[in-house]
Structure formats: C-alpha cells, structure tokens
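A short write-up of the structure that comes next.
For clarity, chains are labelled A, B, C and D in written order, and residue numbers in each chain start from 1.
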Amino acid sequence: MDLNADLGEGYGSWPMGDDSALLSVVTSANVACGFHAGDPSIMRRVTGEAVERGVAIGAHVGYADKAGFGRRFVDIEPAALRDEVVYQIGALDAFARVAGDRVRYVKPHGALYNTIGHHEEQAAAVVGAVVDYDRTLPVLGLPGSAWLRLAADAGLTVVHEAFADRAYTPSGTLVSRREAGSVLHDADEIAGRCTAMATGQPIQDSAGGALKVEPASICVHGDTPGAVDIARRVRSALEGAGVTLSPFSR
Amino acid sequence: MDLNADLGEGYGSWPMGDDSALLSVVTSANVACGFHAGDPSIMRRVTGEAVERGVAIGAHVGYADKAGFGRRFVDIEPAALRDEVVYQIGALDAFARVAGDRVRYVKPHGALYNTIGHHEEQAAAVVGAVVDYDRTLPVLGLPGSAWLRLAADAGLTVVHEAFADRAYTPSGTLVSRREAGSVLHDADEIAGRCTAMATGQPIQDSAGGALKVEPASICVHGDTPGAVDIARRVRSALEGAGVTLSPFSR
Amino acid sequence: MDLNADLGEGYGSWPMGDDSALLSVVTSANVACGFHAGDPSIMRRVTGEAVERGVAIGAHVGYADKAGFGRRFVDIEPAALRDEVVYQIGALDAFARVAGDRVRYVKPHGALYNTIGHHEEQAAAVVGAVVDYDRTLPVLGLPGSAWLRLAADAGLTVVHEAFADRAYTPSGTLVSRREAGSVLHDADEIAGRCTAMATGQPIQDSAGGALKVEPASICVHGDTPGAVDIARRVRSALEGAGVTLSPFSR
Amino acid sequence: MDLNADLGEGYGSWPMGDDSALLSVVTSANVACGFHAGDPSIMRRVTGEAVERGVAIGAHVGYADKAGFGRRFVDIEPAALRDEVVYQIGALDAFARVAGDRVRYVKPHGALYNTIGHHEEQAAAVVGAVVDYDRTLPVLGLPGSAWLRLAADAGLTVVHEAFADRAYTPSGTLVSRREAGSVLHDADEIAGRCTAMATGQPIQDSAGGALKVEPASICVHGDTPGAVDIARRVRSALEGAGVTLSPFSR
C-alpha cells in the first residue's frame, strides 16, 4: 500500500505543515509546484529530503492562485490550464532530477482536483498536459472522476486513491464536507479503516453498510500537528497488520 | 555565426515584440521563463515555432519581477537565486521537450545579466543552477564577466556574445548606456559591424581605433518594429558576406 | 450624456491602449486598480491626466488575476472579494486625491462585471465594499443586473450604461457575444445608435424592432487604434446632435 | 511612551505571528499593506481590531516582494517606489477608515527601512509619497537616517524610535546584526532597558558606557511566541515604572 500526502505547501517566509515529519510517514509526496503554494527553495528542500527517504515525488499541480491557496475554482481556458500544468510539472521535475530522481506521478490540488472530478474541459486539459509531458506518468485521483476516466481514455496509468479520514456513501463516493460526519477525527477509527482498505476488508459506509474500497494509495493529511500524529498512527497500524508500504509508482 | 534575440516577452493579454518575425531572423531564441516576462502559453507557442524553424531554444532566466520586467537589481540570497534559476530552466525545458527539442543554452536577462557581470555570489548562484540542472548546457554571456569566468571554472561551456548595436571601448568592453553614442541606430552601420565581427575583421572602437571582437553569437534586438528591420538587415548582410548562420549550440 | 471607457490597462513595461487619446474623448475613465491590470505608476499618470482634462475617475475593480486580465471567473469567497474591492478603491482614491480629485464611481471589470450580473453573493460583496468605503459613490452597470438591483437595495446611486457597439435584444438585454452580429463594427452605425440613445430616440433591436435604451452613460472601447477612432466618431456625432457631454457623476 | 510592532504579516492561508496578542500589548500597529505581506482580508481584520483596542494604525510599507518578505533590497526607480508607497498607504487607509479611524503614521518595512537609512533617492521617494498622500502624517524611523532627515526637510513630523532588543554603540547607532551581542534575548534585561529609555535614564552601550536614548516609540517584535512574552514584559515594566502608554500619533 502507498500513503500519499501534500507537502511543500509553505511560501517564502511562511511555513505550512511539518514536511520532515510527514516524509517519515508517507511513501508518496504530492509536492506543490509554486502556483498555489511552494517556491523554488521549498521544492528543492522537499524533493531532496524525499529522495533521501525513498519517498516518491508527485507533481501537486494547482491553479495559479497563492492568495486563495488553490482552493478557488478559476474558469481558466483549458488550453491555458494545460500549459500551466506542463510548466508546473517541468519545474518540479527539475528539482526531482537535481535530487537524483524524477517526478513519478501527477495529482491535482484543491479546487483543481475537485473541478476535474466533473468539469470535462478542464479535466481534458490536465490529462493533455500529462500526455504532453510524459505519457508514462501515472495520475492519482478519485474513482469515478472525469479526470481518471479521461486519463484512462488517453492511455495514462490511473491510480485510485482513498481518503483516510473521510466518510463514504454506500455507492463509494465521498460524503460531502457540508454534511455532519463527513470527516473523521478519531485516530484509532481512521487507522482501523485504513487497515481494512489495505487488506481487502470492507469499511462501514455512511448508511451503516459494508463497503469495499480498494485504493492503491491512501491520502493522509499533514497540515496540523494532530494530522501528523494520525498519519503516524495509520502507518503503524498498517505495518502492524503486515501491510508493506511502498510507493505505488515503483 | 549565431544570431540571438530575446523572445516570448509578452505576458497574458500584453504582447511584446514580434516573436514570429524574429524567429525568421535569428538562430537562437532567448525565451523568457515566466519570472520577468512570459507565461506558459507564450512559452509553448514560442518554443513550438522555434523548433519548427530550427531555432535553438535558450533559457532567458531573470529575477522574479514582472512589475520591473527583470530590469531591477534584486538583492536575493544566492541560494534562493540558484533555486529560481533551476525552476525556470526546468519549466522552459518542459515546453522545449513537448515541442520536440530541449533547452540548448542559458542566458540571463536584464538586471541579472548585468549583475552577474561583476557580482560574484549571484554569478556563482546562476552557474550553480546550470551545473545542477545539466552541466552540458552552454552559457552565453559577455567576455570578461564574472558569470563566464565562474562558469568556465565550473567546467561549463562558455560562449561569447557581442551586441550588434552597441559601441565598444578600446579594451573591448561596452560603452556605458549613459554615454552618448553608446547605442547605434543606423542599420547599415550595424550590419557592417556585424559582418566585420563575423568575418574576423576589426570594428571601430569608441576612440576611433580598430578592435577585433570575435563572438560566437551576436545579439540583436526585437522589441520594436524598427529593431526587427535592423535584425533582418544584419542577417542579410551576413548571408551576403557568405557567413553561414546556425545555432552555436549545434 | 456621459461617455465611459476602460483606461490604465497596461502593466509595467507592457502598454495597452492609448490612454491619452481616450482621455480626450470620454468624460468618465474606468481606471484599473492593479489587480487585473494597471500598476501604481500607471494609476498616477492616468488619474493626473484625467483630472487635467476634467474626466471623472471611476474605480475599475476586478479579480486579482493579471495572467487572465480579469476575464476569468474566480470563485472567491464573498467576504474576501469585498475586502479586495475596498482595497482597490482605496488605492485608486489615493492617486485621485493626489491629482486633486477623488474616485467618483465604481464599475467592475471583465469577468467580475459579468459575474455580478447574476451571482447574488459576489454582487452583494461588491455592493458591500462600496457601502463600506463610501456610500455616496455611484455604481455603474447594466440595467437588470443583480449588481444594480442589490446596490439600489443598499441605498447606493445606480447609473445605467449602454454599450456603443453591442446589439440589443427586444427585451433590452445584450445579444450574447457568441451570436453573429452581437458586436457592431461600422463607425457610422455605432455613432448613429449612440446619438439615438442620447436623444431619447429608439434604436433597432436584434429582431428589427424599435427599442428605447436610455442610459446615463455610454461605454466605448479603446484598446485598439480603430476603437479610438470609433470613440471619436461617437463623441463628434453626439456633439453634432447638440448633446452635452459631461461626467454623470457631477 | 508608545510601543510599536509589525502586524498583519500573514498572507492568504499562511498566518504569521499572533496579531491579537500583540494588539493587547502595543499602542501603535505597523500594518503590512499587501506588498511584502498582508492581504485585504488581513488588513480589514487587523485594522478593525486595532481600532477596537485604541491602537494607532501605521502604514508598514515595503517593496513589492512577497517571495522575499520585503527583506531584499530592490533597485526600483525612485518614481516607481514613490507610486508604490502612495498605493499602499491608500489601500490601508481604506480599511482604517472602514474601521472608523485612519492611517496615523508611516513606517517602512524590512529592506526598505534599511535602505532608506542611507539611500538618498529611495528615501526621498518615500518622503515624497507621504507628502503626496497627506503631509500631516508623522513618519517613524531611526535617528540619523536619511529617511528622517529628508522627511524633516520636507516639513513632515518625524518620530524617533528605539529597538527594545537591540544593542547600541556609544554613538547611538545600532550594533550590526552580524556582531555577537547585537540582539538581546533576556526579557528582564530588555524590559529594564525600555524602562530606562522611557524615563530619561541611560542604558549601557556596547562599550559599557552610559548612553541616553530618548525615543518617542519603542519597537517590540511579535513574530514568535517568545517575542510576545517579551513584549508583554516590556509593557508591564513600563506600567510598573509609572510610564503612561499611548500612541505617539495622538
């Protein structure tokens, strides 16, 4: 099983999260590329440390929107979006290569991630960017998203992810964040669900039924100290259950 | 002989210069990388057209300063500058590769170009970035600059350029722009000097003496309609004198 | 009658339009505030020249999106949008006051203008910003827009504008730009329609009927040389018809 | 005596310092204006809370350099700098007025503060901006700086500040940060020195002699939790010594 998390989300004098702590937990790092967060020096530091620890580097591409941290939908023309994504992957790949590895996958961030779940033109644009840059790069996303469907159509390798701390509906989609209970907070419960997902067991869905979620990667969060603790708990629960942790991209 | 010029210097809805016209004249294109000018869509368009025309793509790296067009010295820490230059080369290389080629050389822009003529720490930072990214990339600059001296010390291939429209002192340095007569405007005179430089003949220096300038590349300007005409005149004068035009990087 | 146009839309080394030419034609200048276009030096120059010529200064507020020139919808939180609009009005007002006048009205730009035609939350945010800053400032917009409706509800003075070069439906709304004939190009026709609108006469709507449009201001464009000529033609036609031109805000 | 500190230095999703805690300690708030730090929503929040607490609002103007947090010298043309400072003061003043007060003084930030200690052209530019905007605004700075000298020449009210945690040479200038002992860390010592400065007593200079520093405002720092504690200690020591704390600008 692979664990992925967002890293390198500081900017200049403003830190965010504890990149070093998370890099000791995850096997894949979604590294911000300087558009919604991150900057060249942070990218060098995070990619360098990722390579040292054997963590795979993914391009966490986003809208060019530092003021909104990439969490605002931007109705950018698809051709311009495609170019922006190529730019971001190329910039991050430079640091990954300086560090001795290369970008191993692509995962969109924030509002772009959400948008391309359903927005066909923007989804096609991001797919096009990956095809342009390197059609051997896997893409990470949510089962059922336009993003993964169009990526598969284009011949890209698609990788399903699940969220460690999110509730699922009986049909396997995420419960909306607007609903109560959509986000789980109990570390033991979260770790237990991750272990179930990693060992082919069902988890409990939002209606109380049994749901099989079979991700190739589980996304954990790390932007708060508590989140790092949960991520550590997930990792140790998986290891305790005999699950081998390694990057999906290797 | 190689002719180089700055291209891709528009930004969003703001054009600058006539990239297509210049690409029909020069053999090497210094392409802005989105820090002082340029954006991903411009980078894609210019690199695509450059490859179609057999023009070599160079990374025209600059300070992160669109408001000042990269013409203001910024006292950035050398380590951060090094990272910014790696980022820019990587981003441009993505588009060069999408277009079927790759970045062939590095030439700093504006205030960065001027600064690393003498600023040892920033010069070393830009050299370090090229070494980091790809130590086979040639670097283009002014003979006598700290930039080329440190690049040579680091084992990089250094390439001397001359300026088509600038007056030279008897010692072979540029006459300061603050002095009268530092910039030439007569197209015939400029073309004649370029032909001399390309065929091993001396030009007249600012004191009236004979000066041999033996560049591997001549920089022409293109940010005004008149400048494109001068560039065309230079090219046809060189061709008329039997000088073969081709990228220095091939 | 008032004529308004967008001005100060350059950025740094990138000019746009001929501000001086337009300032000799219009009576109200929608001045970009540095978010989608413009910068402090351009704002000083344009406000200074506007005051010299007796042209009223309006705050042309937009999304913070220079790369997209403010033409892309951004799903910004309404509270943040309200703050961004206050910021922009305040910054422009500084230059207007330095020049001896003050901001006289507010007109949103581009995608923000279009969005608040129907997006209630963002419209309320821009209204809120004007209320915050100075509730005596008139707001300029399209009859029927959420923007003007909410502004009126909040007690602001609303001013209706018409577009010199746009076709109108029988119900008085603009024909979508996606439809053929939505934008007029013939200077005589445009000038004739403007004269009709300014003198209480009907214009021909897109179905061939007679439509009375009774704006307090007519928007002309100026971002191309041809557009400036059309604007001049409109002005001279109005003057020829005995229409007095003066800022609506005085 | 007045206590001033830098506030509102977050940006978007990136916080910095504890603005609320500091606002309960200081009497004057140097509020970032969105160029080196801060954004419209932060500016609204900080100015609102400052007014509630009776803390005077100062414009903490800086270079347009979020990536470098305004700590890098930028060789901007003085006329452009002047315009950028007018812009910043106007934007902040909008929020100060929305909150029921107005900008009460101007204090440059970081590299701009340091530069205009000696750089005559940039110092004159910042002075010019204050003159442009409102020549009744006091300016805060270091005794002996070009900034305060030129401000006084221009008829502005100049206010001397001292730094709570910095060592002073026998001639009353700051010991360079590059030298050992230039920054004090002991809260009792810092509080004691502030009390001395506020009551007309000498402090010990770096050579062990007695130095009278007679500031109208003392600058405390707040960007770390420890710094807030020191600031609180300074305030309570001053109050314990019977020093009345109030904004210098009232």
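Just so we're on the same page, contacts are C-beta pairs under 8 Å (C-beta built on N, C-alpha and C of every residue); 3 or more make two chains touch, one makes a residue touch a chain.
Since this is a predicted model, take the numbers as computed values, not measurements.
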Any chain in contact with chain A as well as chain C: B, D
Same-site or different-site touching of chain A by its copy chain B, using the half cut: same
For chain B paired with chain D, centre-to-centre distance based on mean C-alpha positions, whole Å: 43
Gap in Å, rounded to a whole number, between the CA centres of chain D and chain A: 42
For chain A, residues contacting two or more additional chains: 39, 67-68, 80
Touch list for chain A against partner chain D, complex: 10-16, 37, 39, 66-69, 71
Chain D to chain C touching residues, read off their complex: 34, 39-41, 43-44, 79-80, 83-84, 86-95, 97-98, 132-133
Chain B-facing residues of chain D, complex: 64-65, 67-68, 72-77, 80, 111
